[in-house]
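Presented below is the structure to which this report refers.
Chain naming follows the written order as A, B, C and D, and within any one chain the residues start at number 1.
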Amino acid sequence: MPETPAFQFVNLRQQHEVAQLGMWVFLATEVLFFGGLILGYSVYRFMYPEGFAEAARHTQIAIGTTNTAILLTSSFLVAWAVSLARLGAHRLAALLFAAAAALGCVFLLMKGIEYRIEYGEHLVPGYFFIFRGPNATSAWLFFSFYFVATGVHALHVAIGIMVLAVIALKTRRGAYSERYHAPATVAGLYWHFVDLVWVFLFALIYLPGRAS
Amino acid sequence: MTERNYLTEDTRIISWLFTTDHKRIAILFFAAITLFFFVGGAAATMIRLELVSPQGRFVTSDVYNRLFTIHGVVMVWFFLIPSIPSTLGNFIVPLMIGARDLAFPRLNLTSFYLFMLGGCVTLYAVFAGGVDTGWTFYTPFSTMYSNGHVVLAVVGVFITGFSSILTGLNFIVTIHRLRAPGLTWYRLPLFLWSLYATSVILVLATPVLAMTLLLVALDRVFGVGIFDPDRGGDPLLFQHLFWFYSHPAVYIMILPGMGVVSELVAVFSRKAVFGYKFVAWSAIAIAVVGFFVWGHHMFVSGQSVFAGLVFSFMSFIVAVPSAIKVFNWTATLHKGWVRFDAPMLYALAFIGLFTLGGLTGLFLACLAYDVYVTDTYFVIAHFHYIMVGGMVTAYFGGLHYWWPKITGRMYPEYWARAAAILIFFGFNLTFFPQFILGVLGMPRRYHVYPPEFQVWHVLSSAGASILAIAYLLPLFYLLWSMFYGARAPANPWGATGLEWLTPSPPPKHNFEATPAVTRPPYEYTLSGEARPQNA
Amino acid sequence: MSTWWPSETSHARAVDLLFMGLLATTALVLALLFFLLLRFAIHYRAGNASADRSHRIRKSWHWEVTWTTATLVAFLGLFVWGAQQYVELFGAGKSGLTVYVVAKQWMWKAQHLGGQREINELHVPLSHTVRLIMSSQDVIHSFFMPAFRIKRDVVPGRATDLSFRPLRAGVFHLFCAEYCGTDHARMTGRIVVMQENDFNRWLSSQDVTGTLAAQGERVNRQLGCGGCHGNGPVRAPKLEGLYGKPVPLSDGTIGIADEAYLRDSIVKPRAKIVAGYEPLMPSYEGKISEDELIAVVAYIKSLAEKAKRP
Amino acid sequence: MSWYPPRALVFSWLGLLGLLGLTVLTAYQPLGAFNTPIALAIASCKALLIAAIFMELREQNGLMIAVAGAGFFWLAIMLWLAFSDYMTRPSL
């Protein structure tokens, strides 16, 4: 199956390039998708710097930092797995893909715990929100962005986990080789991007206002 | 005809519903957008009917508000944005570059089904009671005060947005990677340059709309209140996000039309497009600079004066590449062999109407004048000259031009010319009076209005009834020609592009052998004979 | 310059001149273009084999440069023309006879400084600069006076202003130009421009429960503002003489205690904290109506004027 | 055939974890107005590492790099022009 290109392509090389280019264009789209949120966040942070700093202090930085490390590590595993899949080391590559997907699950689990804590602290806008002190309204705005941004990101992680699981299965069956590895590479690109978005979200959500 | 083509390859319904052939998907899109065009058109008809009398006796204010919202939402997202890219673009792009299909055929089908899903959700919102926000969904009206089915409508548009993104992505990758050997960028027909520029906007602007609408929906369902002024939210933030998409979206709607007209002007003047590189790069310039102008929708919104100056300046700048195109099209006619087949009539109408629409755009880019006419009928007239006078006219031009390739049949020339002329007159009678209404200060989205405006509204409504009939004509004669029209040869217009090499209609995989390109597009001899790109 | 539709301020006349300029440019371009289109299309029609088609223009770039430069220059001229008037209009000074406008679905409420209130009508004196300070109670509206060629959006959660100086007495249209829901088309009214004497007579004939400032003082008392902004145990900036003064803020910048500042300080007190004070004040967002807010701001303004007088 | 991870991947992974530690540490230092720019600068470094090494952008041709940059360029347009409004809003 994988040794001949699909009918619209001249050769596998072209097919591979097309897949990669397609994924990069899609990722550019994703940048602007999160970009809408980032603009809103930036505008309100500019308008209410103190409120956002105080609200950010209520986020769980320990969980956030651990989760960042988890995603970075899973990204590393995927990058390694892709390079192995190209060399034909199917078993180890499949294992690494699966491990990365498992780390993704851990990320989601910790995210869930974090949401539970925030619910307990009444920090869920529109559902259960109590914030004492003068910055109540801007804290509401901060947590609205927090939940939308992390929620949309978590959705991306969930999709990524499913993609990685499929890729892990196919790798194990020996579907990829040095000549044909476009799906594995492209899935890797997506997973790294999810990681990259989180790096920025981490800086915007967990770090403000820690010094004061 | 015993030769197998993409239409006769497999005639079962199921083979159409699950097809990944770009030509069949284009046909599916044709059917869908025609349906939406008449839904939006029906709403427009009722709007014009209501406005005949200043007291608004025909429908209530709530119904009227729902009518113009349906009209806007359906026409913008379910007709204009997919119109040329998803139909003509889908059909012609692979043929023009000598490819067997788009880069991602299954994604293409996904795009169609997302479009239909979004369309059905939106139509359901309409029939479940409608939406009364206007197509712009301004907050906090849409998030807190509207009594319509905002969430449904927003979700419908959100889903359709992904259809746009997938189509744009597909075109970008296809044009980059699937060109026939020898087809360099400067040998690409201008239609492809335009679609490429369009796709860049589709891919980079649509996600911002998606996020914005998601925030509106979340606000309505969960009350997250990001645009809620009572929580310190800024209603203008919505406008910034919305117009960051929706102004470039105007170029999504007009750029493909410009591409079609570039093709038509060359073929029917039997001459290369004047200043090819300038026309090509002006499309890219429009796509990029088009992202710098969105704030001209907000000159009176409470945006800062400084931002107003920046956006006004950029709006004048973005008009320059459009002007370059118009001048070049006109110069193309010079010393050509101009023929007046129906597609050319549409192309000439496009140049005239688009120029008027574009020039009135300068009035709106001009700060102090915009303060007066924004949110009046002047704006309505302006963008209908661009959208309907421009885009819809170009769509009909392209449809007639490529009709023989798509169906393998010629359309009836006499009827087509009659329809083109009728559309031109009906259009001007409908929308020119609206410029006057705007200059007189008649606000938009009013269904009752002071009686001094009535005479212009009556004229406009009279024009609309002519326009409605004129738009029905092609529906009938084109359908008729599918069965009874004369058989079309491979290259009925004597054009130079690769799409005319293959039989009409083309076989399933377009070309027997991938053509090799040796010439720039639009090469004609001094006596007007075509020199095809591959010879 | 008088036209067939009324233009009743000097700004409106300038806008009409701008319109003529735009119209002339448009007409010129259209005439040239249509002439060339028709001329080429007819002369070089395929049926006319006798037309001279030799010596075609091969090099296009100097044509391109010419028309690109020409359009650019014309466009920049129009930009500057329109921008100048815009800056004059929206960057206008803060002087003038202040009238407060509150928009709500679907009516316009105006309040004069003397406490006179009107609905869907606005009485203003001839030849005086009138400055509207506008706010909305619900959605975005837009205050549109076609005869003066101006409009501006009225946005919930903040105040916008709009100045004009009518030059002829008469009754003119007032429209809501930003779609605001069911009865948007009925959110209309009249602008009544009167001779100064007539206007003063009209003002004094209105039923008034105290001036706007007096109403503000009442609200001030009801909400207990003086508890902190007075001589009580809690320390908060004094309100006397505050209006119009520069205020050092805790973030190191200097703000001016103008209408927007006072407004923000009541509904979003955390946004701008005066240097040296604790951020203690609760937000009055939702606890104070637009009308009351306007009255309190007018009251604080009146305190400054009182302080100026010996 | 070697199953070892390529050295570049290992170094970037360690580098990323190091940068993560650094950004958390600096966030707690009272640097006033500099905290946010530093946090964003470190985030950008991390993003560049991920893009260049993990996503193999350094081995790609100009087109891929242009496409990858396009999203961020357009995001910059959006932020820049929107802030041209917010930073110059007048007071009444």
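Here is the rule we go by: a residue touches a chain if its C-beta (ideal position, glycine included) is under 8 Å from a C-beta of that chain, and two chains touch if they have at least 3 such contacts.
Not measured: the values here are computed from a predicted model.
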Neighbouring chains common to subunit A and subunit B, by label: C, D
Chain nearest the overall C-alpha centroid of the shown protein atoms: B
Chain of greatest Cα-centre distance to subunit D: C
Result of counting contacting C-beta pairs for A-C and B-C, higher pair: B-C
Interchain centroid distance [CA atoms averaged], subunit C/subunit D, Å: 41
Centre distance in Å when subunit B and subunit D are each reduced to the mean of their C-alpha atoms: 37
Rounded Å distance, subunit A centre to subunit C centre (Cα mean): 45
Touching two or more other chains - residues of subunit D: 63, 70-71, 74, 78, 82, 86, 90
For subunit B, residues that touch 2 or more chains besides their own: 176, 204, 208, 231-234, 236, 240, 244, 305
Subunit C: positions in contact with at least two other chains: 91, 160, 268, 285
Touching residues on subunit C, where the partner in the complex is subunit B: 5, 14-15, 18-19, 22, 25-26, 29-30, 33-34, 36-37, 40-41, 44-46, 51-54, 56-57, 60-61, 63-64, 67-68, 71-72, 75-76, 78-79, 81-87, 89-91, 105, 138-140, 142, 144, 146-147, 149-153, 155-158, 160, 173, 175-186, 268, 285-286
Parts of subunit A lying in touch with subunit D, wherever the complex brings them together: 20-21, 24-25, 27-32, 35, 38-39, 42-43, 46-47, 61, 65, 68-69, 72-73, 75-76, 78-80, 83-84, 87-89, 92, 188-189, 192-193, 195-196, 199-200, 202-203, 206-208, 210-212
Subunit D to subunit A touching residues, read off their complex: 1-3, 5-6, 9-10, 12-13, 16-17, 20, 23-24, 27-32, 35-36, 39-40, 42-43, 46-47, 50-51, 53-55, 60, 63-64, 67-68, 70-72, 74-75, 78-79, 82-83, 86-87
Of subunit D, residues touching subunit B in the complex: 63, 70-71, 74, 77-78, 81-82, 84-86, 88-90
Subunit A - residues contacting subunit C, complex: 47-51, 134-138
